[in-house]
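Below, each structure is written out as structure tokens.
The following pair of complexes shares a single chain, chain A, combined with chain B in the former and chain C in the latter.
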Partner chain A sequence: MGGQRRLWGLYVRLDEVPELIDAAEVVRDAGYTRWDCHTPFPVHGLNEAMGLRLTRLPLVVFAAGAVGAIAGLAMQWWMNAVDYPLIISGKPFFSLPANIPIVFEMTILFAAITAFVGMLAFNGLPRHHHPLFAVDEFRAATDDKFFIVIEADDPRFDENAARQLLGRFGEVREVWE
Partner chain B sequence: MATTSELMDNLAEDPRRRAPLVLGGARFGDVTSSVCGVTEMPKTPRAWWIAFLVSVGMLGVLGAMLVYLISTGVGVWGNNIPVAWGFPIVNFVFWVGIGHAGTLISAVLFLFRQKWRTSINRSAEAMTIFAVACAGLFPAVHIGRVWFAYWLFPLPNQMAMWPNFRSPLLWDVFAVSTYALVSTMFWYMGMIPDLATLRDRAKSRARQIAYGIFAMGWRGSNRHWLRFERAYLLLAALATPLVLSVHSVVSFDFAVSILPGWHTTIFPPYFVAGAIFSGFGMVLTLLLPCRKFFRLEHLVTPRHIENMCKILLATGSMVGYSYVMEFFIAWYGGNAYELFTFKNRALGPYWWAYFIMFSCNVFVPQIFWSQRVRSSALVVWIASLFVNLGMWFERFVIVVTSLSRDFLPSSWGYFSPTWVDILTLAGSFGLFFTLFLLFLRFLPVVAMAEVKSVMPQALHAAEKEGHRPFGDYWPDVPHDEREGGGPSPQEA
Partner chain C sequence: MRQMIDVFSENVRLDELGSRLIVRGLVLGVLGTGAALAFSMLVRQDQFERFAWAYLLNFAFVVSLGLGALFWTLVQHVTRAGWSVVVRRLLEGVAAGTLTLAVVLVLPLLAMIPRLYFWADPETRAADPLLAHKLDWLSYGAVSARLVAYVLIWAAMALWLHRTSVAQDESGDPQLTLRLERHSAWMLFVFALTVTFASFDLLMSLDAHWFSTIFGVYYFSGCALGSMALLAVLAFWVQRRGRISHAITVEHYHDIGKLTFGFVVFWAYIAFSQYMLIWYANLPEETAWMIRRQQAPWVWVSLVLIFGHFFVPFLGLLSRVPKRQPAVLAAFGVYLLAMHWIDLFWLVMPEFGRHGHGAHAGPWFSVIDLLLLIGLGGFAVAAVAHRLRGAALVPLRDPRLPESLTFENA
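And now, the complex of A and B:
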């Protein structure tokens, strides 16, 4: 039955955080790149154990905030001073202090939307179908168990070597495409 | 082995170690099952139905009042010159203020690494969003002709005019709508991993699909967690100045005017302190019955309540300081109108409102100096009701007393609400409680993933390498008292 389907990857289930960290370090040092740990909560120290680099998200969010600030200022200037100059109690059409609150709110708005949408986009979410969802046991990944998965797409992937490597930490099982 | 009383009591102050945040020796799976159990009850509890029907009934009253208002006109309210703001603006400021505690707990305490927030932040954020929804309603209907509400936004309209960006009322539109949107995103994003937990535990097809859609295919990948945590930190860092700006901008509605009693520079910090005070009052009002009813005492522990009481004490005292300082400045400033307004506030025709405000907001929280009071859930709950009451009256006092007697005695008046005013206020509570009860029944009420990450079992790894990127972020529970025991790394 399994022979007709393509192997998507191999996984091993772990029960405790320290085992997970140890195992992740081993997989990292074996040079795999297309692999992942699945955990019910963000495990601190795991990013280092997996050798992950920081994300570019903050730079994108900063840029979006800057765009929001400029957009907020430009909007107020164009609408109140250029397109329809509005005379209010003899106040200047365009004066920075009165425009700051909206500039501030627009900065936050643009940056926050970008942080939320950017997180999903960089993570490739929403993605409602994934080979891992076919594994019944994998449901515990959002409860109390930890999983290490090596994908068959990994350039270094060799089924026997990967089995041997993961076998050091527990029973190795297959994920089918 | 710790005794049962030690397992359920984390109030002891021992400077050598931090108090545990989850009680009863719970493991990861216990957190999942007790939180998910709330939404997975096979039969909806009768108490929930009773509360829900009452809330929906009040929501119906709100709907009826709005239909009556819109079909008849704002004359059905007590607002009239000189008190043109009346109940709608009082209710607006009240509800916006309630919302602030949620953001404070979720964003500000997150930045300050106050990890006790993890078991209360979800429900507090939900409260924020529902309170902001109630708040947004009032200015929208207060404009009179609601079908022109879009004139508030910079949208092209038939007059070919743009809004006046130099008006604090427009700043308010931007501040409150930004706040509503950012709070909703923050709440929803934090909930994605927990929705995935509910999806994975769902037995029925309907639940699998419903939670599945909103969980967005979250699979707990650590590469995802990395960006998730970064985005969460960014949103917290953005929401923190935002929440301070929102009530500051609300206070500008008053402070930027020239009316005695409103035209003061103390308003922004005073409003923000009051907002946090009222919001924590509402968090306690909601959370104390919930934790009892859904048996979440091991997650929302006595220490959580104790901490919130201390915040009430601190912010209540700040509000009290502001009340007193306003009087001092009214005298010290030497402005006859200002001095009259404040004397009139405390001793004039609205003395009763001022009395309720002052006693509920300044005197009632002083009982929290006592540890015995802080550890009695019933007393705390009753005190929290007084805080809610007092903070509503604070807004009433600010809005109504200043407007009713300004510079010109010939234009003085006395504001009395109509039955429509009162039923609309009651109806807004119906909206709030309906939304909150739906949240309790269908969504994860405690941020499970976050709670798990502060449990001692989650922390071995960090300790193992002496790796502490956030300094003393992880609690110093002695190693031998943790699950599993074993020698500490220093000894090994």
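And now, the complex of A and C:
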């Protein structure tokens, strides 16, 4: 392969959870925003150590659920009371008890689809490839090793400073685009 | 990473706090019950008509909290739950306390059956064609025997769960955990059947013409919700009093909050399911019960339940934030217990004075209802405090205690 290879980021490999937590706090306090930790299993306390904010997804899901409820009610009102009124069991054309199951289902449908699509939109998945996959050693992230990666397009990224920072925790290696 | 807490360095006993609570509970119990008796004798002079109904209401309330606690204890064992170990002893105490108390409280209820249920009236029994095929099931002897059997079964299960768990504090034998798990499975079946039939006998047969196959589930949803709300209140209270202050963390409150929220929705789901089928089918013997609750003054209680028992706690507990604020969650707990009481009030009192007691019909609300809430509630507080005082507030040597102490929500 010829051509220019551009630096995508720098990473360091760690062996133990406490090391990872300590290192994550240092990277967080250095002010980086485009960086990540990769672990073979969920690590409690890592969210705080990385300074991750709570996701805004619940607000979006709530709004979608409310829209679903209103849409479900409006749809039934339009169909049953306006567009094609039919007498069913002598009930009024627009009767709330009969509408509630559909309102419930529409609320769930809108909220669930929004939660699924919104989750993918917020975390940027799915993606076909990631530069880290080219690193052989990174396979250990699904086995028994922990990785911290700082991306080169972080606004505060300076190769020497980042090398120095990560160098405190182990041998710093490069990831190429 | 959460550090493991050393439970043995914590204050895990109620001690003198428990003794004080027993005394206060007994005083409230005697005062409340006495005031209710005096009020019905001197002011209402209705030969304890309303007293009997208020007694049934508050019996159903106190027992529902014990049944819910029994249910949650069984479910923790069956699912081999790790998170809940630090709060399980509180549930065991509520179940054992209130359900052994129920064995005593059921006795006056047996004497009140003729004042409560029109199926017990000999003339009605002879003349009412809608009752004809229910006479064997709904007879004084059969219902009394069943009520006694229910409370004995509940008390036995709750006592066994509590005692076995407390025995493990001494022996540390992990076999006890396995035995609890094994026996909890069949006990859940017994629980489901007895609660269903008890709700039929106690509450649904107040209008013996009416029937709803989901009624047992409806009463159960109140049991499960009410006792989870009570657990939030109880955990907050013991911690405020300096007991197990570190063992129960925000993470445990968060889970209690999730279950409370879930059962707010479950209650509404069951309530609506019951309503909609009756509304849709529109059969005279089924709709009468609902129509009574859609007319003044009961329609206002119905609206209070729709908004206060569902929409307010649904929106209030939906977010993660209130579930992780123990004080806020405990406040919702108190609120939901009040709503649960109103829910039972709504099941019982619209039937008051409808059959054969015309002179005593109405009013829709009586101060006796609240006096007996204080009375039976006071006895229940004393009974629960007695169970909680007798052992540590945490299962000290449960094999899953370390898991519970370090538990975190993902």
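We take it that the second predicted complex is superposed on the first by the 173 of 177 C-alpha atoms of A that agree within 3 Å, B and C clash if a C-alpha of one lies under 4 Å from a C-alpha of the other, contacts with A are read in each partner's own complex, and residues count from 1 in each chain.
Keep this in mind: a contact is a pair of C-beta atoms (placed from the backbone, for glycine too) under 8 Å apart; a residue touches a chain by one contact, two chains touch by 3 or more.
This is a predicted model, so every value here is computed, not measured.
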| item | value |
| --- | --- |
| Joint occupancy of chain A by chain B and chain C, clash or fit | clash |
| Chain B versus chain C as contact partner of A:V17, first or second or both or neither | both |
| Partner chain in contact with A:H129 - chain B first, chain C second, else both or neither | first |
| Which of chain B and chain C A:A74 touches, first, second, both or neither | neither |
| Touched partner set for A:P58, first chain B, second chain C, both or neither | both |
| Colliding stretch - chain B into chain C, listed as 24-32, 258-266, 294-302 or 348-356 | 258-266 |
| Common ground on chain A, meaning residues reached by chain C in one complex and by chain B in the other | 17-18, 21, 42-45, 54, 58, 91, 98, 101 |
| Interfacial residue positions of chain A with respect to chain C in the complex | 17-18, 21, 42-45, 54, 58, 62, 89-91, 97-98, 100-101 |
| Chain B residues within the chain A interface of the complex | 27-29, 32, 154, 160-168, 170-171, 174-175, 178, 181-182, 185-186, 189, 193, 196-197, 199-201, 212-213, 216-231, 234-235, 238-239, 241-242, 245, 249, 252, 448-450, 452-453, 457-462, 464-465, 467, 469, 474, 484 |
| Contact set on chain C toward chain A in their complex | 1-2, 272, 275-276, 279-280, 282, 318-320, 408, 410 |
| Contacting residues of chain A [partner chain B, same complex] | 16-18, 20-21, 36-50, 52, 54-55, 57-58, 61, 65, 75-76, 79-80, 83-84, 86, 88, 91, 95, 98-99, 101-102, 104-106, 108-109, 111-113, 115-116, 118-120, 122-123, 125-130, 132-133, 138-144 |
